[in-house]
Amino acid sequence: MSSASRSSGPTRTEYLKAFRVMLLARTLEEKLASLYRAGLITGGVFLGRGQEALSTSVGFHLHKGDIFAPLIRDQAGRMAFGDTVLDTLRTYLGSQLGSMRGRDGNIHRGRPREGYYAMISHLGAMIPVVAGALMARRMRGETGVVGATCIGDGGTSTGAFHEGLNVAAVEKLPLVLVIANNQYAYSTPNTRQFACADLLDKAAGYGVAGHRVDGTDLGACLSVVGGAIKAAREGGGPQMIIGDLLRLVGHAEHDPGKYMDEKLKAAPVGRDCLQVAEEFILEETWATADEIAAWRTEAKEEVDETAMKVRREPTPDPNEEEWCAISETRLQDNFADA
Amino acid sequence: MSSASRSSGPTRTEYLKAFRVMLLARTLEEKLASLYRAGLITGGVFLGRGQEALSTSVGFHLHKGDIFAPLIRDQAGRMAFGDTVLDTLRTYLGSQLGSMRGRDGNIHRGRPREGYYAMISHLGAMIPVVAGALMARRMRGETGVVGATCIGDGGTSTGAFHEGLNVAAVEKLPLVLVIANNQYAYSTPNTRQFACADLLDKAAGYGVAGHRVDGTDLGACLSVVGGAIKAAREGGGPQMIIGDLLRLVGHAEHDPGKYMDEKLKAAPVGRDCLQVAEEFILEETWATADEIAAWRTEAKEEVDETAMKVRREPTPDPNEEEWCAISETRLQDNFADA
Amino acid sequence: MITYKEALTAAMAKLLADDPRVFIYGQDVGSFGGAFKVTEGLAAAYPDRVLDAPISEDAIVGVAIGAAIEGMRPIVEMQFADFSTCGLNQIVNQAATLFYRTEVPCPIVVRLPSGGTAGAGPFHSQSMEALYATYPGLIVMTPATVEDAYSMLIEAVAIDDPVLFCEHKLLYNHLKAEKLPTESLPAGKARVARHGRDATIVSYGAMVHESLLAAKELVEDGYEIEVIDLRTVKPLDTDTILASVARTGRLLCVSEAWPWGGVAAEVVARVCAEGFALLDAPPQRLNAKDTPVPYHPDLWSAHRPTASAIVTATRSLLQA
Amino acid sequence: MITYKEALTAAMAKLLADDPRVFIYGQDVGSFGGAFKVTEGLAAAYPDRVLDAPISEDAIVGVAIGAAIEGMRPIVEMQFADFSTCGLNQIVNQAATLFYRTEVPCPIVVRLPSGGTAGAGPFHSQSMEALYATYPGLIVMTPATVEDAYSMLIEAVAIDDPVLFCEHKLLYNHLKAEKLPTESLPAGKARVARHGRDATIVSYGAMVHESLLAAKELVEDGYEIEVIDLRTVKPLDTDTILASVARTGRLLCVSEAWPWGGVAAEVVARVCAEGFALLDAPPQRLNAKDTPVPYHPDLWSAHRPTASAIVTATRSLLQA
C-alpha cells in the first residue's frame, strides 16, 4: 500500500499542465450548470466539482493506446485523456455533430475506437468491459497497455463492481480502478453504503494492490495515480486507488444537496482541490496570480465561444433517422407498425 | 479472527450427536447415489461427501426459530436443522407427499415456514434473502435470532454474494455465512476463481468478523461455527466462516471429477471428516467400534426402509395440477391456449 | 388538486399507518424522499420502516423477498425501472417461483419508475412491463390515472403475490385529479377510459393519455373511438377487450414499449384467437421504434407513439 | 453420424482454427469441456483462447463486450440459459446499445443452453429467447437441426452484432445427422421443414421436432400440415410465414416458452396485421403452461407442448 510521497511528486510543468486541465474542466462545468439553469440542456447535469484533481490525474498518466472508461464525475479526467470542450458541449446540447449524435447525452459519451469508452448508467458495468478489453489486448500480444476506470463509493456496492474486479484480479490484468470516495451516493452517506472500516480494506479481498490518496491534493493525486498506473503497466496487476474527497455540488444540478453534512464541508476532505492547487502554485511561485487569472479568462473564452458555436449546430432530424440498432442492416427486423 | 480452540470444544455428548448426524447424512447420500445409478432419480444428484463436519455444525448450533438457507452440499446441515430422511427421499424421488410435491427436486427443497429456506440454483441468491428475513425479525422486535446460509468458494464470485453480504454488514445483521472452501467450483480450481491470498481476507472488506476452521475436523467445526453463531446471536453482526476441506466426490454423480488434483486428495485438506471423527471417537474412547458399527447399521436400515416406502408413494398427477403459479387464484391469467 | 406522484405518496403513507408489516426499501427513499420525491416525508414519520439501501438492486429485492417470507409487506423502490435489470434475477427466479415451489406466498411490491421523459436517454426511459409479464408468478400493474396510482398501489400491497408496479414518470407531476378515490376497479380489470363505436384503442400507462388525445382529435372527423386502459398487463383482462372489439370491430393496440413481443402482441394474439370473428379489419399495433430510447427530445418524441401518430394509425385502421 | 452437440463443437473448432479473433469464455469450458461437453477438446488445441471463467455471468458478458470492442470475436457459454439472468444487464444495456450509441459494433455470441429436459426443474430448463428478442440491438437464433447448429453458430460469429444463440439441450445428443452441411440458409430466413396445404405450424428449437411428429401423425387423418422452423426469432421471417399461411389459411404457433407474449404472440400479431385476409380460421398458439418448469418428469411433459398436444391443437384448428 503506497501513499503520496512528495519525492516521486510531479514537476512544475506537469503540475501546471494538470492544473490547467482542472481549470478548463471546472470552467466548462460551470457553463454546463448555467446552460442547464437557462433550460438549454435537457436531462441530467452531473458535475465533478471537487473531484478534478483525482480525475485529471487518471487521464494525465494514461498514454495514447490505453483504455479509459470514466464515470459520472470525470469531466476533468476525460479532458486530460483527450476529450474536448467542443464534443462535451455537443453532447450536452444534443448536437448532431457530437460523438453521440443526440442518441445519448451528457456523461454518456465516448469514442470507443480511441480507447475512450462511453459509460452506460448502470454502475459498475464498465469494470468488466475494461477487463475484457485488456484481455483482448493481451491475446493480441500487446504489452504495456493500461485500462483505467472510475467509480464512486456507492458503486462499490454493485455486483458488477465485485465480479468485474475479481475477474481482473484472476486474470492479473493491468486495470486501474479509481474510487472517488466523495462520501455520498446521491443522498446516501457512506454509513448506509458499506460497513468496512476503510474502503481500502477491499483490496486485499480481491488480491489487488491498494493505494490511498488525499483527493483534494493535486500533487498527491498525480503521484499516487501515476504510481499505480506505472505499476499496472509494468505487470503489477490490478490497482485499486481510494481518493478521499467531497462532492462539492448536489448529486446533479436539480439537487441542492441539502442533506450534506456541514462538518464534512468544513473538514479537510471538503477542501476545493482547485483552490488548494492554486494556493500551492502561488506558494511555490510556479506561477503568478495574474498568470492564473489569464488562464482562467482563456478557459472561459474557449468555453463561451464553443457554446455559442454549438448552439447554432444542427440537432438530429427524426425524419432522417433509420431507427436501426444493429450494424448489419440486412438483419433489421421489419415491423408493420400501424 | 478466532480459530478452533479445544477449550471451548464440544462435549462427548455433543460430539457423538453431531457424528451420528454426519453418519446418517453420509449413509443417505450413498443411497441417493445408488438410486441415481439405478436410474430411479431423474436430474442432478449433488453430494456433500467430505463436507459433513462443517455442514452439520451449522444446523447443530441453530435453534428453533432461527433461519437456515443451506446450499448444494448441506445434506448433513439440513438434517442437523431438522430435515428428515423421509422428506429428502421424497424430494429426490419426486413423491407427491414431499415438501416440494414434485414441483422442484433434490437440493432445491425446504420449508420456509419453519425457517428452512429452499435454495434456488442461482448461486449467492439466498444471502440477501436471509438478510431480509433477519431485518423483518428485527422490525418485529425479535431478538436473539440467527440466520445462517452456506456457499462454496465459487459462489464468492457472484454479484449476489457481494451485494447480499454488504447489505447484511450495513444493517449489522446476525447473519452467519459459511463458506465451504472445497477447492473446486465444478471443474474450476480456486486459482481460476479468485486471486486473494486467503478467502478470509474478504471479511475485512465487508467489515464482518472472519473465522477459519479445518473443515475435516468435527471438533474444530463445532467450536468455531458454534462460536460464530453465538457471536451473531449476541449482536456481533455478520460472521464469515471459511472451512477448508475437499469435495470428495465429483461435482455431481454424473461427474467422475477426473480433473481433481491428486496432491490435494493426499493432503490434510483431503481427509474424510467422517473417518477423522470416527478415529477421534475411538481414540477418546467415547464409543467402541461395535457401537459405531451399530449406528451405521441403524442408519442404513432407516434409509433403506424409507426408500422402499417412498418408492411406493404417489407421484404428482399432471391431470390434477391447476398450473397456477400465484396464490391469489382470482388473479390467474387465462390463456385460450389451442 | 393532487398529482399522480402525490397519490403514490399518500398511498404509501396510508399503508405505513394502517399496517405495521409494510416497509419501504430503496436507494435514497429515506430522509431524501427518493429520486422523484415519491417517498417524501415518509421516513420522518416512520424512520424504522423507510430505509435507504445501498446500490445493490439484487440484494434489495432479495431482502424484500426474505422479509416477505417472514410476514412483512415490503415495498421496493427502484430508482429507475431501467436499473431493475440488476435485480431481475431475484424477481423472476426467487420471488416468482416461491409460491409454486413451496406454497409460501411472496407478497412484495417492486415500484418501477417507468417510461420515457425528454432527455432521459437509453438508461432512464425504459418500459419493462413485458419483461416481467412473461414470467409466471408475477402480477404486473401499469396505473395510468391519479386514482389508480393510489388505489392500485394499496391493492398491490394487499395482494399475496409479487407485484411489479410500473408507475409512469411522465405522469408524476403533470397528471392531476380533484381528490383521492374512495372506490376502484379490482386488479385484473381493465377500464373503458372513453366510450366509442368505430374502433378500439387498447393502451396502458402514459399511452392512455396519448390515445385519449387522439380520440378527441378524431371526433372532428366524426369518429367515436373507444379507449381501453388495461391497468394490469398480467393478468390481462381479455373479456373487456373482446367486449369492446365486439362493439367496434376494429383494434389498435398502443404501447410505449419496443415492438417485438410485449403487451401489444399479446393483446392482438388473444383477440385474434378468441374474437377473430369480431374483427372487421386487421388488428394493428403501434409501439416505440426498435432502438434504444434516444436522448434528444426530438428523437425521443419520434421514437415513442404520440397522439398524432395514433391519429394516423387509427385513420388507416378505420379506412381498412 | 454427428450429433447436434458435436456440430456445435465442430463449428467452434473451425472458428478457432480459421480466426485468431475468436475465443471462448465461460464456466468450466476449458480442459473440462463445459457442463455439456460442447467445448470438449478445444482448450487442448487452443489453451490461450478457451478460458475458464469465475461464477460471474455479469462479468463474463462484460469481458466479452470489452474484447469485442477491441476487435475480438468472443463466444460466451452460459452454463445454462437460466443463469444468463445474472448477465442480462450487460447483454441488454451494454451490448445491445453499443452500436446505436457509439457506431462501434459489438460482435459477441452468447450461447444459451436452453429448454427443458426431464428432471431439470425450474432453474435448468428455461427458454429465454423472447426476453432477449424484446430488446433492440440483439439477434436471437434458435437452431433446431444439426446442420443449423453448425452453420448458424459459424454465421453468428461472423455477424457484427450481438447474437444470443439459443441451443436446445434436449437436442444435444438425441439429434443426429449424416454429415455437416456445406451450405445453409442465411440468418433471418425461416425454413419450411415440411410442406403441406391444410395448416401451418410455426415453431422453433425442440418444438420443431414435436411439430413434425404431430404432422406425421395427422397424415393418417389425411391432413397435410406445413411446418415452419423459424431458425431466428429476431429478426423474424414474416414473409416465409405469410407465404405459408397464404397456402394453408390456418396458423398454429408452437413454442416451449411461457404463454404471455413471446414468439408465439409476435408471430400471430404479425400474421394478423399483415395477412389477415389469408386466414380461414382464428390463428392459435400453443405454449408451455404459465408456471415455473416443474421438476418431476410427468409434470414436465404436461407442462411443455408435446406432439400429442400439438395434434389435438391442430385438429381443433382444422375443424375451426
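As written, the chain order gives the labels A, B, C and D, with residue 1 at the start of each chain.
The rule is short, and it goes like this: a contact is a pair of C-beta atoms (placed from the backbone, for glycine too) under 8 Å apart; a residue touches a chain by one contact, two chains touch by 3 or more.
Since the structure is predicted, the reported quantities are computational estimates derived from the model, not experimental observations.
Peer 1: Applying the touch definition from the top, give me the chains sitting in contact with each of chain B and chain D.
Peer 2: The shared contacts of chain B and chain D, listed by label, come to A, C.
Peer 1: From the C-alpha centres, identify the chain that is farthest from chain B.
Peer 2: With centres defined by C-alpha atoms, farthest from chain B sits A.
Peer 1: Cα centroid separation between chain A and chain C, in whole Å?
Peer 2: The mean C-alpha positions of chain A and chain C differ by 36 Å.
Peer 1: Using mean C-alpha positions as chain centres, tell me how far chain A is from chain D in Å, no decimals.
Peer 2: The computed centroid separation for chain A versus chain D comes out at 40 Å.
Peer 1: At what distance in angstrom does the C-alpha mean of chain D lie from that of chain C?
Peer 2: Distance between chain centres, rounded to whole Å: 30 Å.
Peer 1: Counting in whole Å, what is the centre-to-centre distance of chain A and chain B, each centre being its mean C-alpha position?
Peer 2: So the centre of chain A lies 44 Å away from the centre of chain B.
Peer 1: Show the residues in chain C shared as contacts by 2 or more other chains, in ascending order.
Peer 2: Residues 53-54, 56, 58, 82, 85-86, 89, 93, 96-97, 100-101, 122-123, 136-137, 234, 236, 260, 273-274, 284-285, 289-292.
Peer 1: For chain B, which residues are shared contacts with two or more other chains?
Peer 2: Residues 100, 103-104, 108, 120-122, 157-160, 163, 166, 170, 192-194, 324-325, 332-333, 338 of chain B touch two or more partner chains.
Peer 1: Which label fits the chain touch graph of this model best, line, ring, star, complete or other?
Peer 2: It is complete, because no pair of chains fails to touch.
Peer 1: For the complex, give me every residue of chain D touching chain B.
Peer 2: Contact set of chain D toward chain B: 27-28, 30-32, 35, 52-56, 58, 82-83, 85-86, 118-124, 252, 259-260, 284-287, 289-292, 294-299, 301-303, 313, 316-317.
Peer 1: Could you list, by residue number, the parts of chain D that touch chain A in their complex?
Peer 2: 23, 48-49, 53-54, 56-72, 74, 89-90, 93-94, 96-102, 104-105, 136-137, 139, 159-161, 187-188, 234-236, 238, 270, 273-274
Peer 1: What does chain A use to touch chain B in their complex?
Peer 2: Touching chain B from chain A are residues 157-163, 166, 169-170, 172, 192-197, 201-208, 237.
Peer 1: Would you pull the chain D residues touching chain C in the complex into a rising list?
Peer 2: That would be residues 82, 85-86, 88-89, 92-93, 96-97, 100-101, 122-123, 130-131, 133-137, 234, 236, 257-258, 260-266, 268-269, 272-274, 276-277, 279, 281-285, 289-292 of chain D.
Peer 1: Which residues, counting only chain A, touch chain C once they are in their complex?
Peer 2: Touch list, chain A to chain C: 41-44, 94, 100, 102-106, 108, 120-123, 154-155, 157-160, 185-188, 192-194, 259, 315-319, 321, 323-325, 332-333, 335, 337-338.
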